[in-house]
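Paired with chain B in one complex and with chain C in the other, chain A is shared by the two complexes that follow.
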Partner chain A sequence: MRAMGGRWRRESVFYLFALPFAALTIVFGLWPIALSIQVSFTGSATALRAVPSYVGWANYATVLADPLFLASLWRTLLYAGLSVLANLGFALGFALLLNTAFIGRMRGAYKLAVFLPVVTPDVAGYVVWRWLYDQSFGAVNAALKLLGLPAFGGLAAPATAMLAVLLAELWHHAGFYMVIFLANLAVVDRALEEAADIDGARAWQKLWFVVLPQLRPAIVINLVYALIQFLKTFTVVITMTKGGPNGATNFLSYYAYQFFDEARYGEATAMATVLFAIVLLIAGTVYALGERGRT
Partner chain B sequence: MRLFLRRQALAIGAALLLGGGAASAQQLTVWHDLGDNGSKWFGAMADAFAKTHPGVTVRPTNYPTDQWFGRSIAALNTDTAPDLIFNNYERVIRVAAQTGKVMDLKPVLASVADKGFLGEDDLRVATYDGRMIILPVQRVQMGMGVRKSWLDRVGEKFPETWEDAKRVAVKFSTQHPDGDPNGTTFGFGLEAAKPRDLIHMLDLFVFGAGLKHTLIDPVGNIVIDEPKHALVLEEFLKTYTSYKVVAPDTINYSFNEMYQVIEGGKAGIFRVGDWNVGKWDTQAIKGDFLVGAWPRFFPELQNGVVIGGMRGVAVPENAPNKALAIEFAKFMLTQEAQQLSLSIMGAAVRKDLDVSALSPRQQFFAKPAGALYAYDFPESVILYYPELEAAFHRKLLDAIAKPPADWKAFIAQLAGEMRELSKQMAAKKG
Partner chain C sequence: MMRMLGHAIAAAVSVIFLFPYLWMASSAFRSTRAVLTAPLRLWPESFDLDGFTAILRIGDLSLWRALGNSLLITGASTALAVLVAALGAYAISRRPKAAAFRLLRYGFLLTMIYPYMLLVIPVYIVVYKLGLLGGYAGIILFLALGPVQFFLFEQFFRTLPGEVIEAATIDGASEAAILFRIVLPMARPVVATVAIITFLLNWAQWFPVLVISSTSDTWTLPVALLNLNGELGANFQGIMALSVVTTIPVAALFLVAQRQVIQGMTDGAVKG
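Moving on to the complex of A and B:
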């Protein structure tokens, strides 16, 4: 009985300290999400009134019957998939390179070069990228011309706009994923690599069978974070393309934003809720798979 | 003690009196998207209004257009409306349609004695769904602007016909009219990104040429493949593509990017609205431009300046100071307020105003000498027009991104598709 009392006291202290953060999470994290989901079941005209009129699943039916929404959803999934591959591939490759003796004393400078864009204000960075891609005075095409290569359509051509946006985001985000990989590489067991060397393993075998399995925590965290990031891509779109040209970069977050802009809150929050569910489902599945593999 | 009590009573009495005085002071709030100039105009009108309404002040709040929509709609729907909202007719339509809380101003206008200057067209572009949603305050006029120094450098005059305009535009794009041999310049500064951006530009070409409708007539007939319309549309699309007279990134340009190209000295021919002239006379272009009508496409049709609509004041049903707001709205039609509108904003609806202090470019709009063609505002009669226009915009952007080999065939096919879509939408909307 006395032992239980002591435990309760210890736990109550823990809960007392956790309470402010739990309250903040509920007020600023969960409550807005719940409110947004609630608005998705109301008519837009009454959504913000004290007593809104509820329309059931009508907003979801409207949204899911909208071919532009479905096209935007597909485009978002494609973009997120490609961006995750590109960012994690680049970040992992660069982290492995930085982890070798080959780089030498320039390691710090390279790390800084890749990480600096992460701390650069994103809008400022994307405005510069827009200028780089400009078809009349942009540096990208000037460089290609100098090399005798064909011009890059950049943001002006529907066929290349998604790639142009992806490259700009790669520049901005890859450094963050690289730092996570580097942190994990710092605690990799070198003895296992030495053992593999003694066993005559080739470089790719060491990478595949020894290093990468030890990088699983970083891969899972980066994968989940990158999926969430790129499924919700927004700033780059509003800064560089406004969803264009002709919808080529009209990803789900921006498409929903356009509805918000027109005060069509019901449909906009229905779209946001669908996106939220997709993000939760995909990120949760990836995380669960990663955790299961670890055990 | 008695003296103390008397003093206390006096102090309380004075405070009550002052409090009573303060209660009679009222502040009207007005939301607009006219920038700092607009706030300056409302400030000047407030001073004039206060002469007959002592203690009344006006607090104008300027929002970027996109935010103005969202905020106005949300505020009217949540009973947190301002006293007045000011914007273009078609924008107030959207607020009225999504809230149902914009007051019918017909009885208000009926009570105004001095209103003979408002014509039938002015009243038509103030009425939506049988209700007068704005009191018309400023006609929105748009013509064509051309950089004067550039014309001089390439040895041309202000283009009168479309053929002239094309020739000048090509010279502007190829002959470095800004004097920088390494610089890049363009014939036209246009926009295309959002549906309203591109169709608004097409409206200028169509109405400026003297035609009456851009996509659909009030009965619901698609007009884009009628011979004259088809020709203008083809030239319009070629301007964005094969003529190579616009910035290659124009497909992603909205208002901001278009203005950057114009004001940044990259484009030689551009749209000039009456609201642009005041700023461009002194800043950015610094008066280095000529203003005229949009160029003539057809010898038998008079070209002209386009009346792109009407800016007006609306009163929300749930305005906190509704009676006073109505008084202020009526005041905006008086000669004094209209003169301020013309002097500060470069636009008004009255014709009995003094224009002598205006620059020649402002006078071009204030005292129009040529033909004036008004938009038809299909959204006021065709309920599904915004959706139809959005689909039309997508098709046009497709064509601009991947120009077809045969524009005539493209327009004919597009007309067929628009007819089919229009039929479907009409059936759906009942």
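Moving on to the complex of A and C:
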């Protein structure tokens, strides 16, 4: 009996250790998520009251019938797709370049330059980019003019705003994907490449048949992270465009935020749930596909 | 030939990535008129400090208060995050099969997948219900929970040799003694890495700070910057000066600890 008491006392210490972590996870994670789902079924005007009035699926019906929401959803999917391609393409290309033997001692400096934006406060980075794109102040158009290239509409034109935002986000995020690729490249088997060399493989054949299959883990991780990242793009929008011009950069997170800002909590949380389901579905599918391909 | 081309591309990309920093720093010391005349010039004609004097007050908020808020909120949330994640990850990795811990881990993962910006909306309601709206406590507590911290600790504790703990248990050491006298001293490098990364990430946080604040009294530097940037007829030089102030502390910390930061962020992502 005493032995059992001592054992339980010893075990209970672990629950004590985990208590703060559990408390924060519940209070700032699970409770808000549950609350968000609950609020999405209530009328906005009563959402914060002790006894809110429930409206069933009405908020979801409103949201899904809202053409602006659907437009924003497609825009978000398009943007996420393009961003994933651009970011991972650039990060992989640059990592492969840095991994070549001839880069030598400069590798560290190049890597640092591309990674620095990752740890730079995103607001500061995007504020600077906003002004870099500016038509009268901006260095971007001044540089294009210097090179004899046509001017870039930047954030002012609906046709170029999404590209301008995409490039600023690439500047901020790509360094992270690059170091994941570099970490994977460091454990790639060089002997396989040498064998391919002996067999007379061309550079692209070596890349496609020997290197890329070995980079599968990094590709899967980066895909999942980048998809989650760009499906919920927000800071860049609130800093640089406020969804404009003419809605060209009004992605889902920002669209939902505008409802929240107007205290339309029911619709805002309904959108949040829809976006969460989409993120979970897409990221989960990619992850599952990546895991299955592993064996 | 390949060699030259490779270096040329890598150098060009690096210059493009670093250019915004140079332009920001130079524009902070150049009058708006000077930037309009020569947007590409990087060395200031003269060191004009108007931008910095203009941001000593940002609306109702003094620059020093914003800086103090940033240091307080980032420092406190970092310390708390390290402690909470270390204890939680340790307990879970010592008893991975306990049902409550498995549930907790799944709950945590779910939270981390939830779109962060949309989590803040219900967090606003939670903080409101807890009566923490407008104070520092709500902001600090919310920022004390993050994925990188937990995964880095969990990974480290999983690799702990079981014999060390067994030996100490046989010697009659209590679990608290094992953790604080044996395990945590061994975890010192991880603690340092997690603390640095958390500081960098939390310094940049702005949305929870803005949402949980009721006045500008609790605003941090990024929130003040966002606000200044959103004003009509914005003061360009002041915005660049505030961007410099917001960026320099973390850029300096990163350059000092770059190896640990890059390694830690890679591990935190890969093993999670």
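By our rule, the second predicted complex is superposed on the first by the 269 of 295 C-alpha atoms of A that agree within 3 Å, B and C clash if a C-alpha of one lies under 4 Å from a C-alpha of the other, contacts with A are read in each partner's own complex, and residues count from 1 in each chain.
Just so we're on the same page, a contact is a pair of C-beta atoms (placed from the backbone, for glycine too) under 8 Å apart; a residue touches a chain by one contact, two chains touch by 3 or more.
This structure is a prediction, so every number in the text was calculated from the model and none was measured.
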item: Which of chain B and chain C A:263 touches, first, second, both or neither; value: first
item: Which of chain B and chain C A:230 touches, first, second, both or neither; value: neither
item: Contacts of A:137 with chain B and chain C, given as first, second, both or neither; value: both
item: Dominant toucher of chain A (residue count), chain B or chain C; value: C
item: First, second, both or neither for A:156, with chain B first and chain C second; value: first
item: Touched partner set for A:48, first chain B, second chain C, both or neither; value: both
item: Chain B versus chain C as contact partner of A:69, first or second or both or neither; value: neither
item: Which superposed partner A:255 touches (first chain B, second chain C, both, neither); value: neither
item: Touched partner set for A:129, first chain B, second chain C, both or neither; value: second
item: First (chain B), second (chain C), both or neither touched by A:20; value: second
item: Overlap of chain C and chain B interfaces on chain A (superposed complexes); value: 47-48, 136-137, 260
item: Chain B - residues contacting chain A, complex; value: 66, 69-70, 73-74, 77-79, 94, 98-100, 184, 186, 193-194, 247-249, 251-252, 254, 394, 397-398, 400-402
item: Of all residues in chain C, those that touch chain A in their complex; value: 2-3, 6-7, 9-11, 13-15, 17-21, 23-24, 27, 32, 35-36, 39-40, 83-85, 87-92, 94-95, 98, 100-101, 104, 107-108, 110-119, 121-126, 128, 130, 141-142, 144-145, 150, 174-176, 179, 200, 203-204, 206-207, 221-223, 225-226, 229, 236, 239-240, 243, 246-247, 250-251, 254-255, 258, 261-262, 265-266, 269-270
item: For the chain A and chain B complex, residues of the former touching the latter; value: 44-50, 134-137, 155-158, 240-247, 260-264
item: Residue ranges of chain A in contact with chain C within the complex; value: 10-11, 13-15, 17-18, 20-22, 24-33, 35-36, 39, 47-48, 94, 97-98, 100, 102-103, 106, 109-125, 127-132, 136-139, 141-143, 146, 171, 175-176, 179-180, 183, 217, 221, 225, 228, 231-232, 234-235, 238-239, 253, 256-257, 260, 265, 268-269, 271-272, 275-276, 279-280, 283
